[in-house]
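Per-chain residue numbering starts at 1, and chain names A, B, C and D are given in the order in which the chains are listed.
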Amino acid sequence: MHMSRTRVAVAGASGYAGGEVLRLLLGHPEVEIGALTGASNAGERLGVLQPHLLPLADRVLEPTTVDVLAGHDVVFLGLPHGQSGALAEELSQRDADVVVIDCGADFRLEDAAAWEQFYGSAHAGTWPYGLPELPGNRDALRGARRVAVPGCYPTVSSLALAPAVAAGLVQPDVVIVAASGTSGAGKAVKPHLLGSEVMGNTSAYGVGGVHRHTPEITQNLGRLHADGPEALKVSFTPLLVPMPRGILATCSAPLAGDLTAGEAHAVYTEAYADEPFVHVLPAGVWPQTKAVLGSNAVHLQVTVDEAAGRLVAVGAVDNLAKGTAGAAVQCMNLALGLPESTGLSTVGMAP
Amino acid sequence: MHMSRTRVAVAGASGYAGGEVLRLLLGHPEVEIGALTGASNAGERLGVLQPHLLPLADRVLEPTTVDVLAGHDVVFLGLPHGQSGALAEELSQRDADVVVIDCGADFRLEDAAAWEQFYGSAHAGTWPYGLPELPGNRDALRGARRVAVPGCYPTVSSLALAPAVAAGLVQPDVVIVAASGTSGAGKAVKPHLLGSEVMGNTSAYGVGGVHRHTPEITQNLGRLHADGPEALKVSFTPLLVPMPRGILATCSAPLAGDLTAGEAHAVYTEAYADEPFVHVLPAGVWPQTKAVLGSNAVHLQVTVDEAAGRLVAVGAVDNLAKGTAGAAVQCMNLALGLPESTGLSTVGMAP
Amino acid sequence: MHMSRTRVAVAGASGYAGGEVLRLLLGHPEVEIGALTGASNAGERLGVLQPHLLPLADRVLEPTTVDVLAGHDVVFLGLPHGQSGALAEELSQRDADVVVIDCGADFRLEDAAAWEQFYGSAHAGTWPYGLPELPGNRDALRGARRVAVPGCYPTVSSLALAPAVAAGLVQPDVVIVAASGTSGAGKAVKPHLLGSEVMGNTSAYGVGGVHRHTPEITQNLGRLHADGPEALKVSFTPLLVPMPRGILATCSAPLAGDLTAGEAHAVYTEAYADEPFVHVLPAGVWPQTKAVLGSNAVHLQVTVDEAAGRLVAVGAVDNLAKGTAGAAVQCMNLALGLPESTGLSTVGMAP
Amino acid sequence: MHMSRTRVAVAGASGYAGGEVLRLLLGHPEVEIGALTGASNAGERLGVLQPHLLPLADRVLEPTTVDVLAGHDVVFLGLPHGQSGALAEELSQRDADVVVIDCGADFRLEDAAAWEQFYGSAHAGTWPYGLPELPGNRDALRGARRVAVPGCYPTVSSLALAPAVAAGLVQPDVVIVAASGTSGAGKAVKPHLLGSEVMGNTSAYGVGGVHRHTPEITQNLGRLHADGPEALKVSFTPLLVPMPRGILATCSAPLAGDLTAGEAHAVYTEAYADEPFVHVLPAGVWPQTKAVLGSNAVHLQVTVDEAAGRLVAVGAVDNLAKGTAGAAVQCMNLALGLPESTGLSTVGMAP
């Protein structure tokens, strides 16, 4: 029994990331939900903006200011690029122990040049990277006061390729094609995201290595490769598919040497044996996004295409759950010293 | 702290109703999941049949027999029509205290003639009806050893019209058009339920009062009307819409006298003020199925169309959750004397 | 062989109505596509705005002005409310014979008070109403120089109820619940129309008789009823369902006297026997929107619910095709003296 | 003006391929639709089986026999594997000039060993391959009496990579990930194809080079590569995405030398400059499946990912139209000496 529950604020509570953080926090036994803030939506009721969060229906969004967000143990940020750094700094001046968990991209990259190339602005810095399942990350997240939540594509793509890259099973020349539901684009009202446009439609975008998640994937996998990040080439193509949630990433690379499907499966199974949220499916069963909807689980499968000389791995994740808000809550648990799985589930919602 | 957890079996664990019961039970703090059975799927792993239920992935379905199901405190039945009665009887001979909760239709109707007309077989009997929110039902469910879980359409249609009928606001001549996701039809592999057929398509079926849920709606509302069931006319048309889950019911009836929208809203709000799962939305906010997905909540709204002289009420429910499995768990809680909301949520999954 | 083809302009060519007019005109043997105009999109290429219209990919949108639109035989207008009247007037001053076909609402209603109540502005007037299948309309459309294309909901709802109302089979108290795909809301970028919001979701809107198509339905059916428009009560509820196109309207009314399903079916079949685009399905087959996608057909079915004492009719239409652009082309054919079906089809695209 | 129209029969008229052939033939000015046959559906009305084909609603399916199919100028076959060869042989004995167009796989592959490996049965032979846009194919199709319609994935994948492979822009090591709508799986009633399963879901299948379309892609591209088929490695992964129609193929290969995106685009544009149905989009515009729905068009785009050292090409096709039935009609036109585009369109149906 805790003397008092952790008091949590969410900035950007009207968006998809903020809404999913709240959905998960409503089932978290150790937190109390404090201030909820928005920008253009400040003053509106959450019951209108996020009608699925019934227990919070009467909450009114406040403006996203330090005064509103100060006084909480944990602050989740779901803000546009460039706003998180200054806000976190000011919050720490009020309370040095505050945990700030940023669902945005500002602090994910270590390479300032890559940041500037892909985001077109000055690099803000680097915070502990919230993918505890990659080697070395978990320790940095325990007790952290800052967390950069990974991008949704990098989460599933990195987990799907990490065992192969780390074990040297493949050449450092990976190809990733990842199909995402539309919520990955956020709640921005753009014509190509209208239901009339996306239903019945699949499209590619950010083709040719220009998507902002490319350097993040390179950073994650490059660190694992024996020859370092410079050796790693990543071809990443995102697809928009007609579903609200979920990412399915198809990842492959040329084999570095002889390898059977069984051996690849064994390497993957071993790599994630102790992970509560990463599950390598039994041989022959392939991931589907629906099996992970709403859950913090990542489903993986791997095989070897002998004729093509490639290892092929497929991963499924809910972009809003483990791909964003679930990772954020998982990292909060690590930061606070709670059991890592508190308030999180591996049960998806299907059909 | 309980000395021991309730041991629960699920017959029909490979179907949609059984899968959803299991999804909810995996989050229920007081139960232990025992035997899982199937018919043609006996011998198969749940990890293949229901890959979203990751914690149960290694479970193997057993055949649906009394020997397998005996020895549990609660048995959920998700079986084809006509099988539940004999099975429940045999289970009670083994253990008089066993709670049997039938997700099928066998024991929902009181009127044997209506049963025979709509189902074409002999009436099996009547069990306590698992919609505690209708007057008189909750008491019969407390400590019950048998529960007939309501149909999905009757759940939302009855709740959407009950306050108006009970308060005499409308004439007993109701029109219900209810749009349902495809999981309401179960996992039966029929050509018209193929994804290629249902995506991008809306159709009507069972038109003209022939759908089997019609007499169940009549039974629920007829009991509430001052002039009794005979006075009540129900026109019910179900629609199949391209989504996996959810029902939106549009219900209307001619006004019995002068009534404003505000008065109607007040009657509804008052009627459900103490209900944990039935929520009348603020005036001007209309239900949408997405807000209740996966939750046990029912969202309602009501207004008055002065020009047409009708009260119009709209309700949203997740057909698999509160519409089937959530009601089943809610009734299990009542039967066992647990708090009614244990393991159930009013938080939906959106977007 | 014609000496010269009809020269056609489309104002609002970047929207859904304009795009569908162009899709149909590209298959029309008697027209030549002239100026295409837009408002905020002027200067953009149609290949980007409407990539499905490949033969027009290199066309550039011009601004919507009289100078641009003048000099065509036919001008289709897909504009916001309030703009069509002045534009048509100016075009006629340039060329008295120009045919102006308005896909908007400005000239649909005869009742100025109804217009003002539902649209909140001054009534612009009334043009020949482009639903030739209703009694009296076709003659007014032959050779017309102005056409008001009907609303999508009124088209299918009126056709589904007209035979019953005209033959006095029902009491003048109709209930319509119509499920529409999202393109009915146009290309407006509003949050609730985002793919993430609409996929997996069904919602009701405009409940209680406040939708602007209500008076149009009343106008169409009131004219057919023996007791006139004043006697007719219309309860209309639109639903938004997760598909891009299509409307399924479920319509019912209390029986005026004894009637069998067979008699109702015979009345409907007879009523539309000579219509090329309105098809009463064989008894027992119910309409589905997918069967009419892209086509100019309306599928209807009717039955009698004896227990409820109601006639129930269901109609399916493609809201963009026969519900808007198909009707516009059909009316152009009538206006120009071409065979009414020229360039139009009763073949849908499924699955 | 033709003296008489070509008389056409369709075997397998209740399936998706057969239905789409009929949809296109209904708009073809030179054909008369003769016998329609089915297997288990023989005796049923097309109005029930394919309600979108309204002009054929009263047609009754006959059994698929030589007696029924004989006497037509052209016979389209949409049959299970292994049935087409004997049927074609018998038809030719009745009428040596009959054109048989097989929508199935039996006669697509030249390599008997590849056939046996992937299909598990004896190789039936090889017919002219119905993808006229690949070098050398069109001449073989002119006046042909047999046509093997290509698979849907091979159509778009081969067209997306052919210019790069033929021009030696890439190394012979291609990776294809292709997302398909569900109609590609046909009308087979399998649990994983139910709407409840596929909506909101993306999954991979046939991973690791085991999908039957793999050798067909290898055959098409291997022929174009300077070093011949043996040099070519193809990694092909199909995805099932929640839409009824359409394929989007993302294809890439390592660059063979220096190449800019502009140079790649120029090569592609030049390669298809004279093709009526293959359209390379303007630079910066990426294909989407919705733009080609119902049309015979293939939309392509290509770029270079310098950091990854790969050429990336994306193609969109309607799997049932140009991916099956459209190609079949296009090949019929070639076989009969009609203009190749007769009855076919490059206009898609959107939104």
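In the analysis below, contacts are C-beta pairs under 8 Å (C-beta built on N, C-alpha and C of every residue); 3 or more make two chains touch, one makes a residue touch a chain.
Bear in mind that the values here come from a model prediction, so they are computed numbers and not experimental data.
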B-D or B-C, whichever has more C-beta pairs in contact: B-C
Of all other chains, the one whose Cα centre sits farthest from chain C: A
Distance between the centres, which are taken as Cα means, of chain C and chain B, whole angstrom: 38
Geometric centre distance via CA averages, chain D-chain B, whole Å: 45
Shared-contact residues (touching 2 or more other chains) in chain B: 16, 181, 183, 194, 196-197, 199-200, 242-245, 288, 290, 293, 350-351
Sites on chain C touched by chain D in the complex: 16, 19, 23, 26-27, 45, 47-48, 50-55, 57, 183, 199-200, 244-245, 279, 281-282, 285, 288, 290-295, 297, 299, 345-351
Residue ranges of chain C in contact with chain A within the complex: 16, 181-183, 185, 187, 189-191, 193-200, 242-244
In the complex, chain A residues that touch chain D: 173, 175, 177, 179, 181, 194, 196-197, 199-205, 207-209, 214, 233-237, 239, 241-246, 248, 250, 252, 254, 261, 286-290, 293, 301, 303-310, 312, 314, 316, 350-351
